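Have a look at the structure below, then the notes.
Naming follows writing order (A, B, C, D and E), and every chain is counted from residue 1.
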């Protein structure tokens, strides 16, 4: 999984099957100093994450499996809102 | 998923099984400032995306699953046409 | 999928199950200007691609599924030979 | 798999199904000189890895399969604690 | 698949299920000039590859499928030892 910071939202009208009623957030991956690293990820959110929060992002088929829909095209999801993290 | 901008089209005659009658667009991934980031992606389009539009791209097996064909070699698809997005 | 240019061939004698009788080509990913981007990919070819041709490359499990063999270790395949592409 | 060094821990309260009771560690990928390369990975740990240890990280669906839960959103796991490695 | 050069070995005692009795080699991806590109990959070897040899590496679920174990956490494997390759 990646560590990221929620920075915004995306809205679509024209979309593929399995994308209806999916809340999509824009997440910026960060390093252990909370500095931006790499390009943004568009991730499904089902746990109520909000802009400014640090989150855990799952990518690929493990994110798709969350939907429990055989043909869902979701390839990224927010799977945790980070309370705290510690780096030594 | 990635955010991207449709920049063109690709045509092939000689192709693998599962690529017949698939509309392929060239998509340039972008960041939250709509600046190009990384290399282009060739993505299946079934929702009528056009050059210049900002889209959402799904990659990997979740894109393949959209086809509902067991052996389809699709690994990227346009899964939403972006109406608007907001970054704070 | 990626856009790439076929630049060579690879031969192996000692190999894993599922790699026998597989034609492997060396493909250099390119951008929309046909400039090289990133490292080479070794891809299965079943459609007769040749050195110098521009091709479409599928990566990951969607490439493996083409083989229709449950345990094939193929993770990249040439899935189209490009006739033309247009970037606006 | 990647070689990495465990550098910390992450805690979440709000989380997706399948993330409950999962110990998450922050791992920094390293090269063969044990120098940091690329961004951190958040990985599931079930084998008792600790901060400072060099570990092997599995990514993607092979990590998810370890959980033996159909819909688990785990996409990275520590799959070995390195005793020693030798580079020639 | 990637082209790589075997540069070493890794040993672990504490490990996940499915990692027992797996020979793990350290492989450095290379380009068509045999120059190092990107970070090392830890790959399963079942075909007797040795340090200094040029090999083909399969990544992701196609590598896992080689094991024929449902829950194996292998995400990279050496699938060919390169006899020769030709770049034009």
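Worth a mention:
We take it that a residue touches a chain if its C-beta (ideal position, glycine included) is under 8 Å from a C-beta of that chain, and two chains touch if they have at least 3 such contacts.
Predicted model only: the values in this text are computed from it and were never measured.
For the pair subunit B and subunit C, there is no chain touching both partners.
For the two copies, subunit B and subunit D, the CA superposition rotation is 145 degrees, given to the nearest 5. Between subunit A and subunit D, the centres computed from C-alpha atoms are 19 Å apart.
Centre-to-centre separation of subunit C and subunit D, using mean CA positions: 30 Å.
Among the residues of subunit D, those touching two or more other chains are numbered 60-61, 63.
Chain contacts here close into one cycle, and each chain has exactly two touching partners.
Order of chains around the touching ring, counted from subunit B in the direction of subunit C, is B, C, E, D, A. For subunit E in complex with subunit C, the touching residues are 1-3, 29, 31-32, 37-38, 46-49, 56, 58-63, 65-66, 68, 77-88.
The part of subunit D that touches subunit A in the complex is made up of residues 7-19, 24, 26, 28, 39-43, 51-52, 60-61, 63-64, 70-76.
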